[in-house]
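Inspection log for the structure reproduced underneath, given as structure tokens.
Note that the chains are named A, B, C, D, E and F in the order they appear, and that numbering of residues resets to 1 at the start of each chain.
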Amino acid sequence: MRTFKPFRYAVGAALGAALPVFIATGSAFAEDEPLAAETVQAVLDNIWVLVAGILVFFMQAGFALVEAGLTRAKNVVNIMAKNMADALIGILCFLAVGYAFAFGGDGWFIGTSKFFLSGQAPFDWGSSGVLNLSTSTFFFFQVVFAATAVTIASGAMAERTKFVSYLFFSAVMTAVIYPVVVHWTWGGGLIKRINIGDAVYSDFAGSGVVHLTGGVAALVGAALLGPRLGKYDANGKPRAIPGHNIPFAVIGVFILWLGWFGFNAGSELAADSLVMFVAANTLIAGAAGGVFATATVWLKSGKPDVGMAGNGVLAGLVGITAGCGALNFLGAFIAGAVAGIIVVLAVLFIDRRGIDDPVGAVSVHGVCGLWGLLAVGLFARYDDAFLGREKAGLFYGGGFDQLAVQALMGLIIIAWVGIMSLITFTIIKKTIGLRVTQQEEMEGLDVHEHGSPGYSSELLGMS
Amino acid sequence: MKLITAIIKPFKVDDVKDALKAIGIQGITVGEVRGFGRQGGHTETYRGAEYKIEFVPKIQVEIVVDDGAADGAIEAIKASAVTGKIGDGKIWVTDVERIIRIRTGEEGPDAI
Amino acid sequence: MRTFKPFRYAVGAALGAALPVFIATGSAFAEDEPLAAETVQAVLDNIWVLVAGILVFFMQAGFALVEAGLTRAKNVVNIMAKNMADALIGILCFLAVGYAFAFGGDGWFIGTSKFFLSGQAPFDWGSSGVLNLSTSTFFFFQVVFAATAVTIASGAMAERTKFVSYLFFSAVMTAVIYPVVVHWTWGGGLIKRINIGDAVYSDFAGSGVVHLTGGVAALVGAALLGPRLGKYDANGKPRAIPGHNIPFAVIGVFILWLGWFGFNAGSELAADSLVMFVAANTLIAGAAGGVFATATVWLKSGKPDVGMAGNGVLAGLVGITAGCGALNFLGAFIAGAVAGIIVVLAVLFIDRRGIDDPVGAVSVHGVCGLWGLLAVGLFARYDDAFLGREKAGLFYGGGFDQLAVQALMGLIIIAWVGIMSLITFTIIKKTIGLRVTQQEEMEGLDVHEHGSPGYSSELLGMS
Amino acid sequence: MRTFKPFRYAVGAALGAALPVFIATGSAFAEDEPLAAETVQAVLDNIWVLVAGILVFFMQAGFALVEAGLTRAKNVVNIMAKNMADALIGILCFLAVGYAFAFGGDGWFIGTSKFFLSGQAPFDWGSSGVLNLSTSTFFFFQVVFAATAVTIASGAMAERTKFVSYLFFSAVMTAVIYPVVVHWTWGGGLIKRINIGDAVYSDFAGSGVVHLTGGVAALVGAALLGPRLGKYDANGKPRAIPGHNIPFAVIGVFILWLGWFGFNAGSELAADSLVMFVAANTLIAGAAGGVFATATVWLKSGKPDVGMAGNGVLAGLVGITAGCGALNFLGAFIAGAVAGIIVVLAVLFIDRRGIDDPVGAVSVHGVCGLWGLLAVGLFARYDDAFLGREKAGLFYGGGFDQLAVQALMGLIIIAWVGIMSLITFTIIKKTIGLRVTQQEEMEGLDVHEHGSPGYSSELLGMS
Amino acid sequence: MKLITAIIKPFKVDDVKDALKAIGIQGITVGEVRGFGRQGGHTETYRGAEYKIEFVPKIQVEIVVDDGAADGAIEAIKASAVTGKIGDGKIWVTDVERIIRIRTGEEGPDAI
Amino acid sequence: MKLITAIIKPFKVDDVKDALKAIGIQGITVGEVRGFGRQGGHTETYRGAEYKIEFVPKIQVEIVVDDGAADGAIEAIKASAVTGKIGDGKIWVTDVERIIRIRTGEEGPDAI
């Protein structure tokens, strides 16, 4: 339906002619023709996916707050700058080539058309080739996902990575590494060639595509960087480096949860009855993750650490992301609860292994991302995640096929992202360098990399 | 004149101020410090890991008083800052050679 | 409408067969059949209520920020932990039994079926039994309301309540106390048996159900706990204990206001023309509350306290929550303005009576919640709040009936929640204890209850 | 579609009669009549614009955070109070008279009816006279725009303006100055009388109406106030006064960007295929603005200042606001990129000229607002912004007409807002005074104007 | 050598620093403190209730100088920190027995 | 008894504490200060404009020790706080006339 702003009528009159409407949209219809319900449904599909995409976009603020809260004050500008910059770069890189690599055709490995969205009608319903979504809608939704995937690594690499090096990595991640994984799953690549028995790989909203991908890159980055100064004592025992602003971290978790409703429920890519079900699953799994992580850390350390509770919520959300359409409420609860337990153990394990991940990104996104994939194989009940059959999960009598294909694809993602990240970070390390100097790290990245501190006190700050 | 420096528990600062006011002390300077002593620190946990905090928050109170007023001030601080529990803090006294009120330029006892 | 992800087509082809679509949804239709506009409307109803529910969910962050901002730095982790934990627990308890008690049948007192949502078709339009809403949609919307109701008390009980005791209370609140009140009003319980003349009790979005309920529990909790150390001087005169982060409080108010658009306008439980009207009323009443609270505190204390202005906004919002569909713009303005004045007076009054409510929760939610119920009796103009007649308000010639039934139900809620909270808190007090030790309170709950402070300074924090 | 809450049925039964539904809405239909797809579309139009308006509302929190972050801790309560108060006042003033001046008829200068929304059916679809929007919907969307326009000035005037004087200005701005500009463009006033050749002035979402207007008022205010104490040294060289909380500023930028999707895409005032295109353009332009501003400040000062990067994002968003429907993706990229460069140069230029704008509001909203208008003249490709023709932009062969009419209207807005602001601020200055005393400014506005500091440390704060 | 301690108004810190630099002082240590004195505190309001702030923010300046330089330094501080309004603060002087530069181990006047 | 005051680089505080503990010092008070000295400040940029920070963060360490323990304490601080780079800081010593432990009222060396 073409719409006019109020003055439009008047302008038409003033110019003495009804101005023709030039733009042709999929839903355009002549005034006399009755509007088809299908058209309204198409509008609604696109509106919903847009709103969901807007929620996903807002996750950037959530990541920034969680990462800032769990790190030190002297690096808060750097964390903020990285979270903003990777979104900016991610948007532009994905627009330029990432979208094309992901959705430009159905070769098994990589897409090869639609660079810069060229030749894509931006308005028409269905012009993206995906259901009723217009190119604009689908691009919007996909690009905010890309921005999410890249930002995961920033937390694990916090407080010691050179800013410019991180920018370079962000570009590679959103231009190549991530889009290829997308292509394999949602772009119709690898997924079509890999099936075990009846079982087709299923990752509804991206436990694997987004979170495992982000988590593996985070792991490689953190490992190559080495731990922050002072993180391990002389005997290699990890020491706590408390975050400087816990309220930031908790508000960040709430914002991420908010965004996750868009992330998961929007991934239906249409407005239908699965959307609300997915949202309810997302709510339940997040709550279960939080409760079980709190209980786990409470039992292990005697205190209900709220940062860990927040990690638990995020773990639960990551754990349900693949199966948010396939698992029933009970399955969502279990997937979330298990993720909540796993994440605490993983954080403590990784810490002890000499990998310094200040915010637990590897555990939350990497470990629980993999868990999310497997959870589909275990608990898949419905066929809302494009599984091809009901009750595909092991516990619903579906046998091991689904579990196996989930694990297989998980391994492939780990291999691809691991190798590509390793190459990227190694090139960076050999050329511009990956890590700031010892002095910069001790005095804080904010002043050295960005010019001034995040918290200026007027009193003695100026001259 | 004497400079009396006291390290006290933070929640005692109002009591000490009131006690000093009660005996006629008209000027006090306080600052936030952290102390390490017999009290020891305590263990905190963060993300499931323990770590030790050795420096505990304290308040440093500084007052310059006339020689004759020193004993009274010390008694007042002692009486008001004591809890009897370890970590109550210290009072120490050093000699002050000159004191000047910036506003008026007055020197010596008048400047206190 | 069933939808497919892009690769789906390919998968179907790869597997050599169009995969059947297993899930039956209320809106499912064969491809050849034309789509009915009624179906699209059902989708739209559910999408809107979901979006509204997502906004309500986000109110958790708002509560956390307001409460954190108006309390002290040494307890900020505890406030955050309570706000997160009560949401987590609330979601699970409401899922398990709360929803059943609220909506499981129409006995006058309590629902008795639908525990764990068992036997409820999650997808189908209308499967919740409420208009077009699917079980998933309706559950989502109701559970975020429950999380809101429970979180109100945490502010009034801030800075001195044992964490584990608060968790216990949260569970009872969301499992029993709150669901019963819901059942009486929105679940079709008591409300059907209580009418005065023609007048049926009306509480569109929950001035009574949510806010009065939360406020009464907050009052009982704060009273049983006693004031914070140092809140009253030797003569019982209240002393100010300034909040540690006013920007947090103000941003929290904005987030709550944002969520309130979902809270009120979503309570229509459908997408129709009342929704926007309710949103406009919500905007107007919040603004009026803020302006009049600012003016009141300015006149009384000589300064425009911004925390109180924020309380005023919230008071205005609480004040319009019951009548957001029944009052016209003028009524909304008056309801909000009066709430803004009331809240300031109530805060000062309660403070003087020895009840220590650090954030004003009792005044905002309790006192203005009751006012919101009465405002319907005074100003109801439209029959959008299921009143059964237009112009039911006293000032529109509707006589005293509506006012009376509103007051009656308000008293019943106060009695129920008051008694139940008293029992719950008393049990807690006698068993695990309600309040932290004096030392814990003085040194801060963060370190003692949660292990580490909310704001760590690197310099002297580690060893 | 009339909807009932669950108990409603029961109530009806209990009272022994189906209660008649009193309210007549545009979409009301008898139960037997089939629902028209047009009606559902109307509901959808209104729901979307409401959701967009809710997002715009949330920009208040974004402005508050950006402004608080870039100023000093001693004035943080004041900044928060101004951001809250101007919204409150703006809502009420616009309700009372602003809406009428903007949309009450089509005289060339100002509207003259609809004061207090009197006589406007609040519910019916299309009752606002604008497409399918009900009065409630359209009012909601317009009033949150007004609140945005007024809040722009608070940043430029930060840290030295008397609170009561700012309130007075806010009232004049939302009651008169801004509504007149709206009337000229979206209200069908001046715009109908001004056209150059075929070219009709186009400002889709308000680069001119909102941002240029806010920016010019900000400039006049900042200039009349004079710089903050200590901003310029004895030789008139500007000195940096670093903001006290950079994370606040960055989160504020993310919130503003979030809101901007509502701002721009909601300005279609309908749910159609342009909406998603506009959102995609908004995303691209913001990203381009951020990247190019970062690069510019990096080149000029050697450091990637994150506050400036944030300004760049906002500049990009302002730059695309007028042309978000008319420019294609490439155009959006260019408009944003150029705005990102402009804003850095403008900030440095204005700083050197003795105008103290602590947050860069004049540069972001004023300078880039004008750029946004001109960008339409240069790059207009589509006729989605009611241009009356495709390819109106200079670079698409449209000649200079469009550019000229854009510039002309920009100048008119500058003149009107400049003169009106000058008059308003001068009256304030001569009567109640515009600026706080030197002591208040040095010690902070928080304690002096609002009673207590924004950040209270318990230790030494109380007695 | 002497340790000169000055309690000054916060916004005077740059002036004092410049004045000390001007007379050749090469090292200054400053800290944030709060003071109670004749200036009294002030009343604040929070949520409509009044409360009294008795400790006002001050800056503590510490410089160690050679005996001969003490008077000049005191004059410089006095001249640069004065506003003539109550609360300008105090300067007091104590004797320093040793001073060491950590970097080099130098002692005495050379270490200043 | 002597009051030893040391101005050190912030990241050296743990080393100094450990060194002092190692030689049997049982009480330390530390505070955050800012220092101006030979080290000079540094230039920061904000929104594209440069500005100079002249005061750099330092930690002030204060310990009261028995006369005989002073030299050892000074040596310990010197050894643990030195980096050899400009800005390592100073140590100065003043005489303490009395010291009292608030908890017990003990005076003199026993109170340390």
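Just so we're on the same page, a residue touches a chain if its C-beta (ideal position, glycine included) is under 8 Å from a C-beta of that chain, and two chains touch if they have at least 3 such contacts.
Because the structure is predicted, anything quoted here is derived from the model rather than measured.
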Practice item. Name whichever of A-B, B-C or D-E reuses the D-F interface, so over half of the contact pairs are the same residue numbers. Key: A-B
Study note, to complete from the structure: If you tally C-beta contacts across D-F and across B-C, the winner is D-F
Check your understanding: Copies chain B and chain F touch; is their interface built from the same residue numbers (over half shared) or different ones?
Key -> different
Check your understanding: Distance from the CA centroid of chain B to that of chain E, rounded to the nearest Å?
Key -> 18
Practice item. Please report how many Å separate the Cα centroid of chain A from that of chain F, as a whole number. Key: 48
Review point. Centre to centre, by mean C-alpha position, how many angstrom separate chain A and chain D?
Key: 30
Practice item. Could you give the separation in Å between the centres of chain B and chain D, each centre being the mean of its C-alpha atoms? Key: 53
Point to revise | For chain B, residues that touch 2 or more chains besides their own | key: 17, 30-32, 34, 44-46, 51, 54-55, 94-95
Check your understanding: On chain C, where are the residues touching two or more other chains?
Key -> 36-37, 40, 44, 51, 239-240, 242-243, 245, 301-303, 305, 451-453, 460-463
Revision key, fill the gap. Per the touch rule, the chain D residues reaching chain E in their complex are 442, 447, 451-453, 460-463
Practice item. Could you pull out which chain A residues touch chain D in their complex? Key: 1-11, 13-15, 19, 21-23, 25-27, 34-37, 39-40, 43-44, 46-47, 50-51, 53-54, 57-58, 60-61, 64-65, 68, 76-77, 80-81, 83-85, 87-89, 91-92, 95, 116-117, 122-125, 134, 136-137, 139-140, 143-144, 163, 245, 248, 446, 449-458, 461-462
Review point. Which chain A residues qualify as touching chain C in the complex?
Key: 36-38, 40-41, 44-45, 48, 51, 55, 72-74, 103, 106, 129-131, 185-189, 191-193, 195, 198, 200, 230, 239-247, 250-251, 253-255, 257-258, 261-262, 265, 268-277, 279-280, 283-284, 287-288, 290-291, 294, 301-306, 309-310, 313, 328-329, 333, 382-384, 386, 388-390
Check your understanding: Which residues, counting only chain F, touch chain A once they are in their complex?
Key -> 11, 34, 41-42, 44-46, 51-55
**Study point:** chain A residues within the chain B interface of the complex
**Key:** 238-240, 242-243, 297, 300-303, 305, 307-308, 311, 344, 347-348, 351, 360
